[in-house]
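Both complexes below contain chain A, partnered by chain B and then by chain C.
Let's turn to the complex of A and B:
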């Protein structure tokens, strides 16, 4: 017997269809047949999927062409769309009039999979979501499940968690540097970024056993304690990481072309960013000092000393500088964590299959892309009744139609790279 | 028939055949340079399997494109689509006719060689535009129009930047201009501003980074070449590298003394040895500039299309006019 939460009510599907049809008619003001016959609405035939009437007012707006406008379909297969993202770009010449991000090409139904997995195995499913911040993906559900089950991870486990999470942040932000340059045609920085990433990935592979989908967190702790290989790799990496990052930065930061293409490009004001729900480095680059690590401290972040870094201008260049500053901040945090790391066990006593009491829990972490959180509902069974993830990339993409109009086609990719979305996380 | 006419025809056929034969290995060498040098700058190995240290990788790529299927999109304008690569390639190959490799090694030593060169090189923009239009693809169309805008705009500062050199030398023939440089020193000393304008414009003219707007892969996939495959794509690809070689060669001829050897060596020798000597120095200097172009590609991101056009019209063109004015005034005042 599972106890179903009274708040969750599933409407009748037939009733839903009727409501949807009514809404469509009122939105479009036309029947579907009229909408096609009207001639103004370009439909989807231009961009490669069959004609159908507009589903929303927004869709109608994007796909209706004025004189001299054209739709360009970028993606899902395109040299620079950060995974399988599709942008339908409405252009007038080279000037972008409107942009419509089309999602779902990488949808794997991870949330649903997690609802059918026991609490301990959920942590293995969330790895491939945002594949550049795997450690953060595991951290948020671990926090939520520990709250649900009412246990705490041992102190040393929390320190190791913070350590790997910050390492993950360093390489994720490092890759953003490279991709931003790559999307402007700079070939080299991305390879330097990958060299830096490789060192960290080797290090994390030494502690977790895997290079990309680490599967390192457990409910109530972490899988392994630190070992000699990890620590020696960490030491080697720490001895030259600043030099590597500065070398890469030296190729980009003061480059005249790079500055001309990022300064005052895609400016997001603090208010706009808050309204759109943008979080993470993108929000802080717009001058809003919100960092989950500081605002709602989790793990051991209240024991570490750090300030919330912000930039002022909120343009692509500020977002880039914000990442650089956060890399340096993370390296500083790693130093503090290593200094303060206590001895002790790394895993609390947790049974193989846990059955939390019915209830709800929320776990939020600051991932490299922003507020990454998990909301889990337990009905007392061995699997979560409901498992919902808020991925920051998905929310960040909402800013695209705000930032793009009036820019050139060349800027779409540059601005998108500066927002640093990861499609694995967007589509889940 | 007139014997001299037959001799002329024979000489022409020989020269064009040799030049066409030269284009392919040139493209192979530059593509190989690009792969290997950029790889080293990226801390990669680069090609290292075929031949000694992978030196035949680009040759194999060349044969590979020959073996591949040529596809034509259904809705493409078939005849224009087929013709476009040929136009681009011929523009590059034809402009090699006046390339001064060495004394006695110029296919056609026109008295208006410089005018001919810029006229013919400008033809390649037609091919790119046709390719962009005929492909029935929006990326191709945008790429083709960008290339038209870019190359037409940059041709103006490019041409104006060498007018100063022409005024100083008093000739439009490459060999006579090099002869002038033998007497008065390389034009690099006389025309530094002209050289700077020429170098920037020539990078834009041959679509090299940071001005490779035409096939900006992060925006337009491959620009006008998006729909091309097989040897048709190969022609575009070769033409691009041949154009880079030609531009570097012309830069060397105009400003760095062409076939003339630098100071400690005898500038010019007589007879057959002199031709070899000239060819050696010409290729050495040319490949230095090819190397710099490859180096730039590994280093710089790409400028945006409006910044590119702004630079041509607002910066380079006025500077070129200033350069021309100063040169002309100096020629009149100092009676050079």
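Let's turn to the complex of A and C:
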């Protein structure tokens, strides 16, 4: 029988790591690592703790660790953060205790850029913001600038606008279905989503000339009328899109693993969602019938027949079902738009540099991620005096510290994918 | 929150307003607003789908609470909270856009903030979702929202020192070309102030025969080595 010597000290792995780091530093000719005054040495076990006193009450709360808790970083380079974002996750074992989203890795200062660009060129700067809903990004400033300038787009231009934004919504929601399954390990649905998306992107590039950043909207209309290639692609796509969506739905909706990981996960009540500023499909999945297309009808949405779809439970599964229902609703809307589309011009006569009278205007649209709005102030000059964008995914991220605590680390990604944020929009 | 208690179908609750004409309905909203807010209301103004007014920055919480909780107003949703800089010597403005399903108009509340002491009470106790809006406004404009428990920078790094969306912020490109960065202003023709030349008398040259430095006629066409070796 082996005798255990009680005097042998079992080495602390953190201590071993420290010794190893000191050794490596001395070999490399570096100075020894400095201990932070008044705190524990921020080694590998405390990644993410800022080496300065906390600035706010909330920061102190997140970055103060109790016994058994640790911080881990998800991101900024993480395949499931849907872009470049860092989540500082405080965990106790496998369970999330608190979460702090760290933003700004993709910040380009688009608002400031737009304040230094003429009104007509602003519409090119907003494209790369929320890169999955580019048409919507252009729609809101176009509405705001038309209000400021006091013109209206021709009827046919409004119909073409509604057509392209609904197409954009179909592929954006379709990708959400795919990414949600992908973040839970299901690889196939994303392929079907991308088949659908590529068809729509080809269609939109036929009408706009660009593949991803369409630059299609103009102040007072759209850039091009429909053409033969666009219409023929639209017809082909329409003939089999439902089959594609239903195939995806068939793979995901009743899947046992998918249901186990989404039902009763990340439940957001309607009251909570309004309090947190959550809008769009996420809000409607919680039972609140708010849709800008009905609430403040813009473009031609008051001429189309549709209802605001809502779900009841407000969990990840409801948010998924909401997207499916909205895809079908959008396809229905596309049918109505194509049926009703009038003839006529697609652009009002607008000079290249416009100088609206001093004033303020608010343009809001329903983007695939929620209420996307622009508040523009004119001082009579050729550039907007103030150009403010409210991006829905930026505000929706505030729901994460509410939804995540008590869930497993692996579920954070599933819940986040069900909220469908896009970092290009979050970081502006 | 009245919309949550309604048992009618959603489309009716929201689609009803399509038949209302905006000016008439906005008129009743204006009447209710003047009744409930009284002295807080300044410079009321409406357009096709917005009712706008100004308030004092210090009164924002009370006014927004009235707008949210009054059953006749019921602006339950904060659509946007923006900050506007009217430039040095002027003031800041914090602009709230609110939504109600009882009225066909957005309400825009413009709260004035002093530029020398930019402080305004937070509204995170009314809508928790205002937190990111306020962090962004602090980061970009340097407006301090008193009572916000997480007022730190959100886009820029924590050690960043200036507020990039203020109107007196110098863009990095301009700063790199400035005299402070060692650039001679004569190298930047786009900054030259040419107004003083506009009214100056026309400069006339004497004929070349009277000028001592005129090139000699004939040989080499007046071209010298020095001309060839000049840059550009």
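We take it that the second predicted complex is superposed on the first by the 380 of 428 C-alpha atoms of A that agree within 3 Å, B and C clash if a C-alpha of one lies under 4 Å from a C-alpha of the other, contacts with A are read in each partner's own complex, and residues count from 1 in each chain.
We take it that a contact is a pair of C-beta atoms (placed from the backbone, for glycine too) under 8 Å apart; a residue touches a chain by one contact, two chains touch by 3 or more.
Because the structure is predicted, anything quoted here is derived from the model rather than measured.
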Exercise for review: Answer with first, second, both or neither: which of chain B and chain C does A:181 touch in the superposed model?
Suggested key: first
Practice item. Could you look at A:373 and tell me whether it touches chain B, chain C, both or neither (first, second, both, neither)? Key: second
Check your understanding: After lining up the shared chain so the two structures overlap, which partner does A:238 touch, if you call chain B first and chain C second: first, second, both or neither?
Key -> neither
Exercise for review: Quick one: classify A:296 as touching chain B (first), chain C (second), both or neither.
Suggested key: second
Practice item. Give one of first, second, both or neither to describe whether A:152 is in contact with chain B, with chain C, with both, or with none. Key: neither
Check your understanding: Of the partners chain B and chain C, which touch A:57 in the superposed model: first, second, both, neither?
Key -> second
Check your understanding: Does chain B (first) or chain C (second) touch A:409, or do both, or does neither?
Key -> first
Point to revise | chain A residues touched - chain C or chain B, whichever exceeds | key: C
Practice item. Please give the residue numbers of chain A that touch chain B in the complex, ascending. Key: 70, 72-73, 78-80, 94, 181-188, 191-192, 195, 251, 255, 257-258, 260-261, 408-413
Exercise for review: Provide the residue numbers of chain A that touch chain C in the complex, in ascending order.
Suggested key: 50, 52, 55-59, 103-104, 107, 109, 111-112, 115-116, 147, 270-271, 274-278, 287-291, 294-297, 302, 307-308, 310, 360-362, 364, 371, 373, 375, 377, 386, 388, 390, 394-395, 397-398, 427-428
Exercise for review: Would you mind writing out the residues of chain C in touch with chain A in their complex?
Suggested key: 1, 3-4, 9-11, 13-15, 18, 47-50, 52, 76-80, 82, 84-85, 95, 97, 99, 101, 104, 106, 108, 127-133, 136, 140, 149-158, 164-165, 171
Point to revise | chain A partner contacts - residues on chain B that touch it in the complex | key: 38, 41-44, 138-139, 142, 146, 209-210, 212, 216-221, 297-307
